[in-house]
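Here's a structure for you.
Going in written order, the chains are labelled A, B and C, and every chain counts its residues from 1.
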Amino acid sequence: MDFGPHLLLASLEGAVGAAVLALTALGLSLVFGVMRIVNVAHGAFFMLGAIVAWWVADALDAGSALNFLAALIIAPLAAGAVALVAERTILRRLNYNPESTIVATIGLLYVIEQVALMTYGPDARPVEAPWDFRVQLPWFGYSGYKLMVIAASIAVMLAVWWGLTRTRIGLMMRATQFDRETARAFAIPVDKVYGGVFAFGAMLAALGAVLVVPIQQAHYLMGNDPLLLSFIVVIVGGLGSLRGTVLAAVIIGMSDGIISVFFTPTLAKIIATLVVAMILVIRPKGLFGTQSA
Amino acid sequence: MSRGSFNKAAALHLSAVGVLFALHFILPDYHHGNLARIMVLASFAMAYNISFGYTGLLSLGHAMFFAAGLYTAGLMAQFAGLGAAGGIILGLAAGFALAVAVGCLALRTTGVAFMIVTLMFAQAAFLTIFYFGEYTRGDEGFIIPSLQRHLFGLSLAEPAVRYFVALTLFALCVAVSYGVARSSLGRVFAAIRENEERTRMLGYNVFLYKLAALAISGAMAGAAGAAYGLLFGYVGSTFASIQYSIFPLLWVLMGGAATVLGPFAGTLLMFYLVDISSAFTTANMLIVGLALIGLILFFPKGILGTLRERVAPWLP
Amino acid sequence: MAAVTLLSTENLSKSFGGLRAVDGVNFAFPAGEIRALIGPNGAGKTTFVNLLSGRLPPSAGRVFFNGEDVTRLPAYARVNRGIAYTFQITSIFAAMTVLDNVGLSAQRRLSKGSFGPDPDTLEHAALSALERVGLSKRRNDIAGNLSYGHQRLLEVAMGLGLEPKLLILDEPTQGLADEEIAAFVSLVRDIAREASVLLIEHNMDVVMELAETITVLDRGCILAQGTPEEIRRDEAVKRAYLGT
């Protein structure tokens, strides 16, 4: 293949990665923005989404399209439910202390991962794509499903943006993010908002995972890379800034896709990790952050 | 500042080391070997306790200091034929140097940003081990040649020698922790943990004190890492992974942050929890996860921290 | 008698975004004085004091202390030169004993080399600071358990432990009962025998009773300066306070 088409292919792969990453990172960013906590178990919710998707498809066995559709609905709900329980029983009792929460969510990450290992097992298993349609470009054919992933991710992000800016629930979330005490004074049920935001963050991660299982198989350790990448995205985008998060996801997802087509992954990862660390050292609030970290 | 509690505490720590010495003659082989391992890991936990417990610096990257010592000693033994004494000294120096370098950058941040910056530096260090896979053999790791595993002519593969080297390291770390806890330096560390801005406005260069805490911590972790490699003969990338940054946090939380013997209590308990549970399940990290959640919910001060609060306020 | 200037600023300014919180202030403060800094809310008092103590970097201008340009010095280094600052919001080490709190403030000054001070010397220094504010009986209490008024006194004792040349008291009487305020006034007089005192204060009775000179800040600039009597009669000050 020539350089031009090769670059196009790499960009498309990057865009698919960016689409999934943006959804996952958006969940992490919402939780950080509204609740001021870092959820280390976010990658575990991602993994949970993928595994539940496999279970649903396996149990239902009603053809690839229906299986996938059912997984798309059930998996995020399942991850959201687990997150809600964790929030009610653990995080709330810690009073959302930032450092205690990190320790607790590390624990939660291990628990979810190990329960997945005990029940789902150590194997990697795929979920079939809902359809097997290829878009024929002049140089190569490209998976229609992957293009749909990009479209779906954009649609979900627009919906989230609409929900945050145009609905009452979104207003409550933004008020809580702005100042928890004042929000309480205005009779906003801050406690419920926290539970809802934490569950919703997990649902976004699970949704990203369902979209990814037809491309990449479900495995009990699959959440670790998305967690690290989401972290990077949220930090670079500015802790708590949703617009920054999406922008950073696109930049990082695209460049990650393109870099891994052309370069050795280890060196690229080392450099990327160091760059993120240095960004935080120089600008602790992130590139686009306005709020204090 | 009262003298009576000073002697009581000193006596307690001396007798703890004494009991460990006596256990050498009593314990059956299996537990004897475990205890040697636990003492080295507890030294790592004590290192973490200096920065996290006493100074309040929650690092998520301490595996890099442990691994700096481990790999320095291991690679020097493998490729330069360096013996155990030199390995431990160089390992300590490597941990110290890395901690100073990382600290100069990471300590410009605080709180959550500090946690993530240390995590990122540790991740970069972890990946670096793979990048030089030709020498480090990445995941698989390598065995330190037994010829280099000698200290003053004694083989470290010998259980008794191993036990006493581990005990020596452990006792030194207890002494350093105890010294820091009791010193005016330790009081400034505690002041930073409690109220950084106030400490600054009492004329302390907070950055330098934090760097000192991290440097002491890094040096101890490096020494522990080097000793671990030389005593047990194996060097591998697992010891640089995120898990090994989480473990010392867990051990310290479990035993009691900012207590001298807390890290040992935590390491001991956690080691046997995992050891016993692995008889039933391969998913023994489940125990770790549940322990973390349970601790932070119900015993945020840990075993010795709770003891200090309830019965023994003189405990350093 | 021409007093030695202890602290002065030259065209000192600080902007936040577009807002000029402190705007080209030229301020001079002779050694040995009790000076009050007053002004309506939002006048820039706290920002100005933060520029003096080094907690904020200035946008422009310079700060001189004891004949030395300290503009570029970080806060902790200014404390070591002799500028002590007591916080407006009580800021003590709540989990430590009262004695350890004051010990921390005296410890750095008494340390020789990299080892800490002799324990007896340190305890003596800490106790004498506590005696001056009347807290020596509480030396072994946990600081966080003290009453609010006692915590304010501990805050001052920590300032005294530094043996400063200049003690900046940021709203020290806020939240104190009347009899506590009376005791506080005589404490400040006692302190002023050894150190200069810069007092930021809302309580006009305290200001009028203590201050030898009053500087009035309004919208980031010095509006007036003079003896309490002069300030009391100043029309511009009246207008600023009444908001007309």
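Structural remarks
Keep this in mind: a contact is a pair of C-beta atoms (placed from the backbone, for glycine too) under 8 Å apart; a residue touches a chain by one contact, two chains touch by 3 or more.
Note that this is a predicted model, so its numbers are computed, not measured.
Chain centroids computed from C-alpha atoms place B closest to the centre of all protein C-alpha atoms shown. Greatest Cα centroid separation from subunit B: this falls to C. Chains A-B form the pair with the most C-beta pairs in contact. Centre-to-centre, using mean CA coordinates, subunit A is 50 Å away from subunit C. Centre-to-centre spacing of subunit B and subunit C amounts to 43 Å, using the average Cα coordinate of each chain.
If each chain is reduced to the centroid of its CA atoms, subunit A and subunit B end up 34 Å from each other.
The part of subunit A that touches subunit B in the complex is made up of residues 38, 90, 93-94, 98-100, 102-104, 106-111, 113-115, 117-118, 228, 231, 235, 239, 266-267, 269-270, 273-274, 276-278, 280-281, 284, 293. Every residue of subunit B that touches subunit C in the complex is listed here, in rising order: 1, 183-185, 187-188, 190-191, 194-195, 197-206. Taken together, the subunit C residues at the contact with subunit B in this complex read 53, 55, 74-77, 79-80, 84-85, 87, 91-96, 99-100, 103-105, 107-109, 111, 115-117, 119, 122-123, 158, 162. Contact residues of subunit B toward subunit A in the complex are 58, 60, 105-106, 108-113, 115-117, 119-121, 123-124, 127-128, 130-131, 246, 249, 253, 281-286, 288-293, 295-297, 300.
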